[in-house]
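Below are two complexes that have chain A in common, paired first with chain B and then with chain C.
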Partner chain A sequence: MFTTIDDSTYKNTIADTKDGILICFKKQCPHCKNMEKVLEKFAKKNDGVTFYKLDSEENPEARDELSAERAPTLVFIKEGAISATKAGLMNPKEMTAYYRSVQ
Partner chain B sequence: MAFNRKKVKNVVFIMLDTLQFNYLGCYGNKKIKTPNIDRFARQSVLFENAYSEGLPTIPVRRALMTGRFTLPYGGWQPLTTDDTTITDIMWGKNMQTALIYDTAPMRLAKFGYARGFDFVDFCPGQELDHTSFADVPLDPSLKPEDFTSPTMVWDKEGNFIDDDSKQLLDEIGCFLRQQQHRRSDADSYVAKVVNRTQAWLNERRDKSRPFFLWVDSFDPHEPWDPPSVWNGEPCPYDPNYEGNPILLAPWTPVENRISERECEHIRALYMEKITLVDEWIGKIIDSIREQGLWDETMVVLMSDHGQPMGEGEHGHGIMRKSRPWPYEELVHVPLMMHVPGVEGGQRIQSFVQNVDVTATIMDIMGQLDTESGVSDHGMNTYGADEFQGESLLPLMQGEVDKVRDFAIAGYYGMSWSIITDDYSYIHWLVDEEEKNSVDCVAGSEKTMSEEMWTCTAGAKVEMPSHNELYDRNSDPFQLKNIAAEKPEVAKELLEKLKLYIGELRTT
Partner chain C sequence: MKPEKQVDLVIIGGGPAGMTAAIYAAQANLDTLILEESVTGGLVNSTHTVQNFPSYPKIHGMELMEKMKEHVDHLSIPVEEVCEVESLSLEREFKTIETDEAVFHSKAVILATGRKPIPLDLQTECEEVHYCAICDGGAYKGKRVLVVGGGNSGFDESLYLLQIDISHLTLIEVEDRFFAAESTQEQLLADKRVEARTGAKLVDLCLEDGHLAGAVIKDLSTGNHETIPVDGIFVFLGQTPNNELFKNQVALSDNGYIKAGPNMETNLPGVYSAGDINDKIFRQITTAMGDATIAALSAERYIRNLKRSML
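Now for the complex of A and B:
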């Protein structure tokens, strides 16, 4: 479901994305895995949204540029630009509400 | 009679506030007389390791009503329209619902804990509600200072020790205004709740329809005013005590304020109050039988929490729930269930939590697999699809040995605890970063901003600064912290605890 992006691809990916969500994660972060499950549930009910993931420890440029020091951080992309960034955990209901609020 | 879901028509859920599990005969107490609850335990399934997760009064009700954990989300808060309660799910089903209660925190303005019940009967007078009667004239022969220990109120010069002194006398005065016309045990709070319950069961309900009845008795919560106090007689559990009866104690640490002898007497008054509650609650169970409902009615009896009452295992140095400390005497609760067709007399070892009680009730009512949707008439309907608990029915029928490997408990944003077969571990959310990242992600935007975490202004948010680990087998009441001796165990439990809170936070 997730397309993995990195320092070399994140700018173009964001610019080319109409409606997407990027999760910036750390490998040893258990909560990032929980948040990925939330995104998987969200994806089932939201056709047309593209999902990306980025290892924020291995991609320091993107991490700094996207203000994704915390893990997990979600970056919401709309019409080729970042519409919102949110760190922390959400359940599927909160995720849906937040997604709608930043449209 | 084998269990058959179709034959269970009704549910009676009985909540007894502040009933400590080990003050009941059926949980091993040899001193306190609780014959009715003990008899019920012998005929039902008793859970040895039931733990309330989010404390105190309100979060417990919230978890039970919504089937969702509260500890990762919030504490002392109103129900919101995002919450789906048992009665929301039962709307539009052929089920009459009733709530009969005197638990005043549930009645707080805008809190909405009576939401969705067809019939609601609130009996006023208990904590938070007693101020309603603050202007009622008090019989001049009744003096608040005669119902507590003078050394808890005044110093040697005859001055109030501190603000807690005045607050204590005010609180006692309000209760006396309420209870000054008491003539018999039938005027006690628990009796009022039970009598109104009897009236609903015997007369008011539609006997042609199934029902869900929630009875919520604030007794045996303090004030410690069992019959002996009103009759001017010695307390049967402490007949040699010579001081004033102690209706209430200040919201302070026990040390230098409440003597060990006074703590002992308070515990005796509490025991006597439990015996009174047992006597009256027995009447509801008898009534269910007399009306021929026993074989078609699920009956749940439990408490929301216990009570700190003194030093050591009795309360870790505090009296009443005056600190957000999730120790065993507070978080381990009694839980029993009678389910028609399920073998009585079983004692279940598995850890269970409040959300599992909700899932079990809805499983037996055939409502566990329901989903939210829209009715044929365009009205929103609600299902149990957001429940986080496990039905205990497979456990009670011997199909599985356990539903969880551990339990959690605590106060939202202040303390988290994990209880396993071998250990218990308490994580204090003491520094600002920990407190402000209550969904356990460092730097999260969610902040702990609850103005109220318990029901009394006298309670203070004071916590130890170091996390605590206890050997649950040799030290079940958590008196010897071994975190320094077993740092690897402490670390593993903290990681497990944080991971689980994170899992709950995302489901």
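Now for the complex of A and C:
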């Protein structure tokens, strides 16, 4: 479901995305694993949203540029630009509510 | 209308207890389902290093739980993760479990809901208070942190913070001694960047421009207050039982844990419990798995007898 992006591709990916969500994660972060499952559930009810993932430890340029020191950090993309950034875990209901609030 | 499904056994909670119970139940040919509110693995996912699980001298908690999940998947046991259980009806012969997406009916239930971290109880709030060093520690490279809690989690996560080159770590514990494993204590306290205090309590936060600048620590023996400069705080105050779903149906101890019998039976026929949610002295991965083994075998026997009586 997730397309993996990195330091070399994140800028163009964001610019080319109409409606997307990027999760910046760390490999051993338990909340990241949880958030990925929340996004998988969210995706089933939200056609048209594209999902990306980026390892923030292996991609320091993107991490710093996207202010993704904390994990997970979600970056919401709308019409080729970042519309919102949110760090921390959300449950499915909070995720849906937050997504709607930043549309 | 939510879809309805009938199974033999529903296991609520997908930590080591829930997954072990599911493995035993599946091998007994029970139609079994795990419901987990977040992801499988439970609190073990947050343990940086597990050193007391036989067959692995040293392993990351999440890696160990992934191996356990592979075993569950190998047996094709359905697991509903990020699943919100909205209500439980446990008192009748057939149990009903309603989630955000479906309604399940089962002959037996195993409660393996475990525990959840106790939050910091302070009036002042700020973004620099965290509950997971692996998730949020990266922002504190070269900075000063305070760790609240002198148990295994506090020491274990402190070791992780030292690995990522924080400049100074103060660890405080309200009791008069630390409770982490002796070997872990020795490892952490040998580091020159660490200052550890017992009989000390975090009582307030100091903010500058909305960001954390210091922590007010009370010495419980003298009553004196001291403000120490910190950039971030990591809280590991222990856990509280996850009993909200069934606390009005299942008999609990005064502190909220399930009073399970020797066969992991609760006060309700067909309802068993296992792992950290049980009222017991020792809470380890291995004791959770022991409980779960007994709970699953007991549930299997109960279901077999129930099926016989229905013939």
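Please note the rule applied: the second predicted complex is superposed on the first by the 103 of 103 C-alpha atoms of A that agree within 3 Å, B and C clash if a C-alpha of one lies under 4 Å from a C-alpha of the other, contacts with A are read in each partner's own complex, and residues count from 1 in each chain.
One rule holds for everything that comes next: a contact is a pair of C-beta atoms (placed from the backbone, for glycine too) under 8 Å apart; a residue touches a chain by one contact, two chains touch by 3 or more.
Computed from a prediction, not measured in an experiment: that's the story for all the values here.
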Given the superposition on chain A, are chain B and chain C in a clash or a fit? clash
Is A:D16 in contact with chain B, with chain C, with both, or with neither (first, second, both, neither)? neither
Partner chain in contact with A:A71 - chain B first, chain C second, else both or neither: both
Between chain B (first) and chain C (second), which, if any, makes contact with A:E58: first, second, both or neither? neither
Which partner chains sit in contact with A:Q28 here, chain B, chain C, both or neither? Use first/second/both/neither. second
Please indicate which partner A:K37 is in contact with in the superposed arrangement: first for chain B, second for chain C, both, or neither. both
After the superposition on A, what does A:K86 contact: first (chain B), second (chain C), both or neither? first
Stretch of chain B hitting chain C after superposition, from 91-99, 163-171, 271-279 or 487-495, is 487-495
Please write out, lowest number first, the residues of chain A touched by both chain B and chain C across the two complexes. 30-31, 34, 37-38, 69-72, 91-93
List the residues on chain A that touch chain C in their complex, please. 26, 28-34, 37-38, 40-41, 56-57, 69-72, 91-93
What does chain C use to touch chain A in their complex? 38-39, 41, 45-46, 48, 60, 62, 81-82, 84, 100, 132, 134-136, 138-139
Using the touch definition from the top, list the residues of chain B that touch chain A in their complex. 82, 386, 439-446, 495, 498-499, 502-503, 505-507
Considering the complex alone, what residue numbers of chain A touch chain B? 30-31, 34-35, 37-38, 69-72, 86-93
